[in-house]
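Order of writing sets the labels: A, B and C. Residues in every chain begin at 1.
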Amino acid sequence: MHEIRLHSRGGQGGVTAAKLIALASFRDGKYATAAPFYGAERRGAPVVSFIRIDENPIRIYSQIHNPTHVIVLDITIMDVADVLVGLAPGGIVVLNSPKPIALDGYKTYSVDLTGIALRTGLVVAGSPILNTPVIGALAKIGLFSVDSAKAAISEMFVDIKNQEAALAAYEEMVV
Amino acid sequence: MSGLQETEYILKCTSACAGCSTSLILRHVLAAAGPDTVLVIPACCTSVIQGVYPKTSFRIPVYNVAFAASAAVASGMSAAFEAMGKKTNVIAYAGDGGTVDIGIQALSGALERETNFLYICYDNEAYGNTGMQRSGSTPLGARTTTTPEGKGHKKKDLDRIVAAHSIPYMATACSAYPKDLAGKVEKALATKGPAFIHVLAPCPPGWRYPAEKTIEMGKLAVKTGVWALYERMYETVVISGPTKAAMIKPTPIEEYIKPQGRFKGITPETITTIRLDSERMLRRLAAEEEGSC
Amino acid sequence: MLTISTGNNAVAAAVRRVKPAVVAAYPITPQTEIVEQIANYVADGSLDTRYIPVESEHSAMAACIGASITGSRTFTATSSHGLLYMNEMVNWAAGARLPIVMANVNRALGPGWNVWAEHTDSLQARDTGWLQIYVSTVQEAYDAVVMAFRIAEDRRVYLPVMVNLDGFTLSHITQQLYVSDIDGFIPPMELDHRISPDDPHGYGCMTGPQDYFRIRYDIERSMRESYAVIQETEKAFADRFSRSYGFTDEYRCEDADVLVITLGTLGKEAEVAVDMLRDEGIAAGSMRIRWFRPFPPLDTRDRELVVIDRDYSFGCGGILADAIRAQTKRDCFSVIAGIGGQEVTYRDIAGFVRDRRIGEEYWFGVDA
């Protein structure tokens, strides 16, 4: 089972990103559960979402304490929270960063999701939207197939910019 | 009152008190509404008049519901009949307690949502069904079982609250003026959207006057100007004939107060306050009528 | 069609398929998404219903009562304080024998304000005459809402049904959802006692003790008949949609020595605990109670019982544990856990089973 913990800030699209990850996994023929952990709902507050992906129906509803993957849509959260807590050595970390960041003992991938969102015009109420770009990045590391990523995005979004941003992230992320 | 109640929708020998103006109002309301009508009532005197299961004293369906709920139940009923394409009149018929106190939130919501229904508040100025406890509609100085020394607060101005919802039709009426009442019910039911009628309902045991004086008491309320009859279509106010007459030559207010046992021991100062409030209300109505012409 | 959905949106999607004539609802966290989604369906024309945006939950249930008595299909949804605020009308709906369906998103009660999962809200309504089901997945929420209308509207039942789903833990999580054409699954609603000027009756009149007693007994008689209606409906559903349900959801119970008994999503988490315990050599099983009213007959035999309550009746105990003791005439290890959204993992549940002390009550995270 993949157990993914996604860190973002309210308004960046983290909750939708979790749903997209679940949907893309369904389109791969797997089972998935995406569970945002709700505290106070306000813009800019750190938000954690949990996604489980498995070959069998998911029966666990509790939070993920030992993730296999950590995704950080806003690396400023790393200043205030230990995003790596519970992640086993060798675990996968995907960071939204214009510059590569190396984290000792983990498989770390960096991609400039914010830059891609700004470039493709994925901006809502002044905030770059990162939920579709990150799907491209996650397809690149093989969390789900490229076809399923495309299908998931087209099911949830009409605007073609979302596909473009995802494709850009797929191409730009170095594996 | 020949010609008013062509068809009776309340059977004879109900359990209403002698001289009950509420059952009189009901007879006129239902005669004006006709058989394609559903009455929604909360706990109130009418739920006594309705009779004891398995019998009913009405020839139209009566849906008796919880105290605070009549306007909301009528909302649901009206929506469902509309969905079916039925033109059935939905009339909520509630006392003053069920309207100005516990039912005001549901009433306000139903008016704001432009529910297609008629809400009638029959106002006997206390919780009559349970033996005359004070309501928000009890007038200043009136004794009830919970205001044994006379009520220390003024009657809540329900009509201005309803008027604040800016509805297509609202009116006041009194059981002593049945033709006026029937005409207003007909207008209200012809209105698309929410309509509201506030009817003063003198109550012999509650107000403590002899049962045979129930019409006289209603007439005195209007003639003294304590109770005003008028209609309001959105912002347009039309004052009804009997109140116009009272505005020209009012009967002294004492003639209304003195025969009622509930005002026993009322001070001259309190009577003056009631009179001044009534005069202020009439002046405001006159100004509104003038302003809306 | 296979899609993904939150628990809340699955409820709304089911309502869209069922096509109630009237929906009256008031928003409350964490149910809000249900009323928003229904409002969207009405706005975009995909659901032809009269949506009454009432000013309170009391009026929500009152409006449903007014609509339902005309013989119209009605739906509402609420949670926690909303359910408590409408409680008078919740009782009225059952007493008036109205087949209203309501989704309740289980949430704790204030003070202090707490929006997370707990079952005390709906369990306080257990004596109202409503049928109550507790679901554990997004799909089950959808399926339960569809079946609820057929069960409620069956003239052997004519009682309202409350579909309960855990706040946030189920209402806000995304899982797969299979939605399909349900045409013909629910017969057109026919309410024998509907209000109509063509056949006038008095409703809700003053009623003396003798008649009142008989009317109340009629509710219980219908509640007893509802067992068969639930079974028939769940069978018809399984035959048509290939998803089968029962009064309980049992996992590895057949040869179990100890059963974990739960309501809602904790029942799924318990299955994972059961697998863990089996690997350790403890023959555990999970019995998730789906229908709390009518309360199901339980096959617990001589097995030890660990009951987890995400609720409490002060001065008495866990409400589920109380019901289990009454039904099985046997004592249990009563665990109070998950209150106010407290996290309970499968590891915690396995711990409850390992450390069970039959006859005792244990407050998880509070007791030493």
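Methods note: a contact is a pair of C-beta atoms (placed from the backbone, for glycine too) under 8 Å apart; a residue touches a chain by one contact, two chains touch by 3 or more.
Note that the coordinates shown come from a computational prediction; the quantities given were computed from them, not determined experimentally.
Participant: Among the chains, which one keeps its Cα centre farthest from the Cα centre of chain C?
Facilitator: So the farthest one, by centre of C-alpha atoms, is B.
Participant: Can you tell me which chain is nearest the middle of the complex, judged by mean CA position?
Facilitator: Taking the mean of all protein C-alpha atoms as reference, the closest chain is C.
Participant: Where the CA atoms of chain A average out and where those of chain C average out, how many Å apart are those spots?
Facilitator: That gives a centre separation of 34 Å.
Participant: If you average the CA atoms of chain A and of chain B, how many Å lie between those two points?
Facilitator: Whole-Å distance between the two chain centres: 63.
Participant: Between chain B and chain C, tell me the centre distance in angstrom, where each centre is the average of that chain's C-alpha atoms.
Facilitator: Taking the mean C-alpha position of each chain, the two centres sit 42 Å apart.
Participant: Quick check: what residues of chain C touch more than one other chain, meaning two or more?
Facilitator: none
Participant: What part of chain A is in contact with chain C in the complex they form?
Facilitator: Per the touch definition, chain A meets chain C at residues 18-19, 22-23, 26, 31-36, 38, 57-63, 65, 155.
Participant: Within their complex, state which residues of chain C touch chain A.
Facilitator: 2-4, 30, 115, 137, 166, 168-170, 172-176, 265-266, 268-269, 271-272, 343-346
Participant: Once bound in the complex, which stretches of chain C touch chain B?
Facilitator: For this pair, the touching residues of chain C are 21-22, 24, 49-50, 52-56, 58-60, 62-72, 74, 88-89, 92, 195-197, 199-208, 211.
Participant: Can you tell me which positions in chain B touch chain C when the two form their complex?
Facilitator: My answer: residues 35-38, 40, 47-48, 50-66, 68-69, 71-84, 88, 105-106, 108-110, 112-113.
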